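Following this line, the structures themselves.
Both complexes shown next keep subunit A, but they swap its partner, so subunit B is in the first and subunit C is in the second.
Take a look at the complex of A and B:
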């Protein structure tokens, strides 16, 4: 019995396991079924668009009606049970979303302009590592770091800034010049002594290394939002550049 | 040991031994029992300790990563996502905060963390992930910009 005959779509009582001889193709094992499947009808096409919260139907009930069993059930036909016909009203929330964004950005910019945001924290990228800093914090930098004691630095790679009422996330960095995170080099020392010791018992094998890394300690002096959010400058990419 | 005369120099086994033992005993000062004061017992413990610290400097990083992931996962589950989903969605959205920072935000800046988690949930709904979990809480507006 070929597979083509199985897929003819005519109704007939189901039978026990059959094999199809389609050359080298392997069929999934079929399960004997004793039930008679109902009338086959095509389900209506369901639009799965974004709906508003109150009108969103349960996805499970929609999908249940669409499933057909494996090859053996019901002769491999597109045997579908009738799905419940549902209609959803998809509201166009574009205008409302735009309005909301505008309001939120306006509130944030008000706080920025008046300087009422309170204490700010920022996530700053420095020498391959990220640090969550606020004013007054100490940041320890390991390795080669040229600035000397007393130098004032501006940490320009800011990934995120936040206050009590808002957080700004960069993708991955915030716009240059939006946030000023300034630091001062406070101390240049060596770390504690790290002992690297390898030893194999009874093999007369032993080696040790004593290592101290250079540490530079920075004190964060300022975290401030300088520009309003959502502002698009006329020309980008010329800040801080000398022509 | 101070060698003040030739006779003492002839009799002494070498000035180094005392200081070599002292270097080991200084590291074992906080051990229990004879391991802190008797050299031949202390040397075994100290060697093992130094080997462990050398090898586990790498393990430290793995441990911290597991700890941070656990903490972020806990905070995510309070907000209705999981760590894996949130981190993958952050990657897609382009937010590059690492695990150390995320766990700090989860502990010390819960509002910011909550905002980020809900944002990732909204993005997941746009992508079509976890659609059987139910609708996303309102108030997150992405305007298709992520």
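Take a look at the complex of A and C:
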């Protein structure tokens, strides 16, 4: 099974979709478990499957399958060679994939609980722009932004969090409370003067405008995963609310 | 003034903050602010109004900032700010209103002291990559590492269209399947 196939097996219908990119040795063990599991005798299903024209997968087809882009994903691009209809016995790998995703979740949760994940990075949405940040970064926000110097903020729109061994993706946002990204306002200043100059020749017309917009410099102070992933809490949607 | 000279005039550089400010805690960078004004001239009218109305409140809210008042006879008013990193900033407030001066004082208070530059990037990081930079071999098949070149299979052109033989074969297969299904049903 290809790596892409293994990863797609980890998609779960929780509020925050997450995919885990586990370390190499763990991935190897997971793949090994994949091959182990189908030994549990299950009735093979007879399915019509779109197979590639060459029945035995050779090196070329495997490489093509790994390529990103429309070729690799088998998208319906016009003129692309489509598969012939053939009949074959396909093993039901649903159970194995579920088991695999469980294992991967367990691996991630172990790292989260022991705090072994090391440095984290996060993609945060701030004032219409997405920033990829880690602890200690400087982010300059352009335009109107109310917080003043010395203020501490929590950036709640987190699109993604990643560490050395795993990445968690939101669709589009991660569940609130899963990740804490905090920032401190370090400076508020004005940008350099921008000139907007319009000139029409032979028409005796010229206009010039000058603009300096507000720049707010943020220092990212903390990126941290707060909870184990893959668990849906009993009560949701009351984060930061006072009753 | 061309765009190039304008850029040279402002200078350019990355986003930066003095002395890792904000990592442990935030330290205000403004240390001293001097209000220079004339007691009689009309150009200092707004400045005198600011001093009467808002200056005490400003000093009360910013205990870390030293405020100086410097009356000078028959000279135009200005603001002079000095920062922790040794830089200073000067703003002329000739004929400015009280509200304008309030805004400029706020501007000087919130700055870090580095001169205003044309920013070349709006994000600065000391850790550019955590999962490692992308390479062309990322997520590729490991079998490619041991392939011997020249390789016939890898150097063939991508087949985009089906050949006539392949189409015929496909039709034949389809027909065969249909007949089988008819037989079974």
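The criterion applied here is as follows: the second predicted complex is superposed on the first by the 156 of 243 C-alpha atoms of A that agree within 3 Å, B and C clash if a C-alpha of one lies under 4 Å from a C-alpha of the other, contacts with A are read in each partner's own complex, and residues count from 1 in each chain.
To be clear about the criterion, a residue touches a chain if its C-beta (ideal position, glycine included) is under 8 Å from a C-beta of that chain, and two chains touch if they have at least 3 such contacts.
If you're wondering where the values come from, they're calculated on a predicted model, not measured in any experiment.
Colleague: Answer with first, second, both or neither: which of subunit B and subunit C does A:98 touch in the superposed model?
Modeller: Only subunit B; A:98 stays clear of subunit C.
Colleague: On the A-aligned overlay, A:112 touches which partner chain: subunit B = first, subunit C = second, or both, or neither?
Modeller: Once the two structures are laid over each other on A, A:112 reaches no partner at all.
Colleague: Which holds for A:121: it touches subunit B only (first), subunit C only (second), both, or neither?
Modeller: So A:121 meets both subunit B and subunit C here.
Colleague: In the overlaid three-chain picture, which partner chain does A:162 touch, first (subunit B) or second (subunit C), both, or neither?
Modeller: In the superposition, A:162 contacts both subunit B and subunit C.
Colleague: Is A:195 contacted by the first partner subunit B, the second partner subunit C, both or neither?
Modeller: both
Colleague: Looking at A:223 after the superposition, I want to know if it touches subunit B, subunit C, both of them or none. Which is it: first, second, both, neither?
Modeller: Touch partners of A:223: none, neither subunit B nor subunit C.
Colleague: Once chain A of both complexes is superposed, is A:178 in touch with subunit B (first), subunit C (second), both, or neither?
Modeller: neither
Colleague: After superposition on the shared chain, which partner residues are touched by A:130: those of subunit B (first), subunit C (second), both, or neither?
Modeller: First partner only, subunit B.
Colleague: Jot down the residues of subunit A that show up as touching in both complexes, subunit B in one and subunit C in the other.
Modeller: Common interface on subunit A, subunit B vs subunit C: 53, 59-60, 121, 132, 162, 164, 167, 195.
Colleague: Which residues, counting only subunit A, touch subunit B once they are in their complex?
Modeller: By the definition above, subunit A touches subunit B via 50, 53, 56, 59-60, 94, 97-98, 100-101, 121, 123, 130, 132, 159-160, 162, 164, 167, 169-173, 194-199, 208.
Colleague: In their complex, what parts of subunit C are in touch with subunit A?
Modeller: 3, 6, 10, 15-17, 21-23, 26, 28-29, 107, 109-112, 116-119, 122-127, 130-131, 139-141, 143-144, 147, 153-154, 156, 158-162, 166, 169-170, 173-174, 177
Colleague: Once bound in the complex, which stretches of subunit A touch subunit C?
Modeller: The touching residues are 3-4, 21, 53, 58-60, 62-63, 66, 71, 79-82, 84-87, 118-121, 131-134, 136-140, 142, 148-150, 162-164, 167, 184-193, 195, 215, 217, 219, 221.
Colleague: For the complex, give me every residue of subunit B touching subunit A.
Modeller: By the definition above, subunit B touches subunit A via 47, 50-51, 53-54, 57, 93-98, 100-101, 104-105, 108-109, 111-112, 115-116, 119, 125, 131-132, 135, 138, 141, 143.
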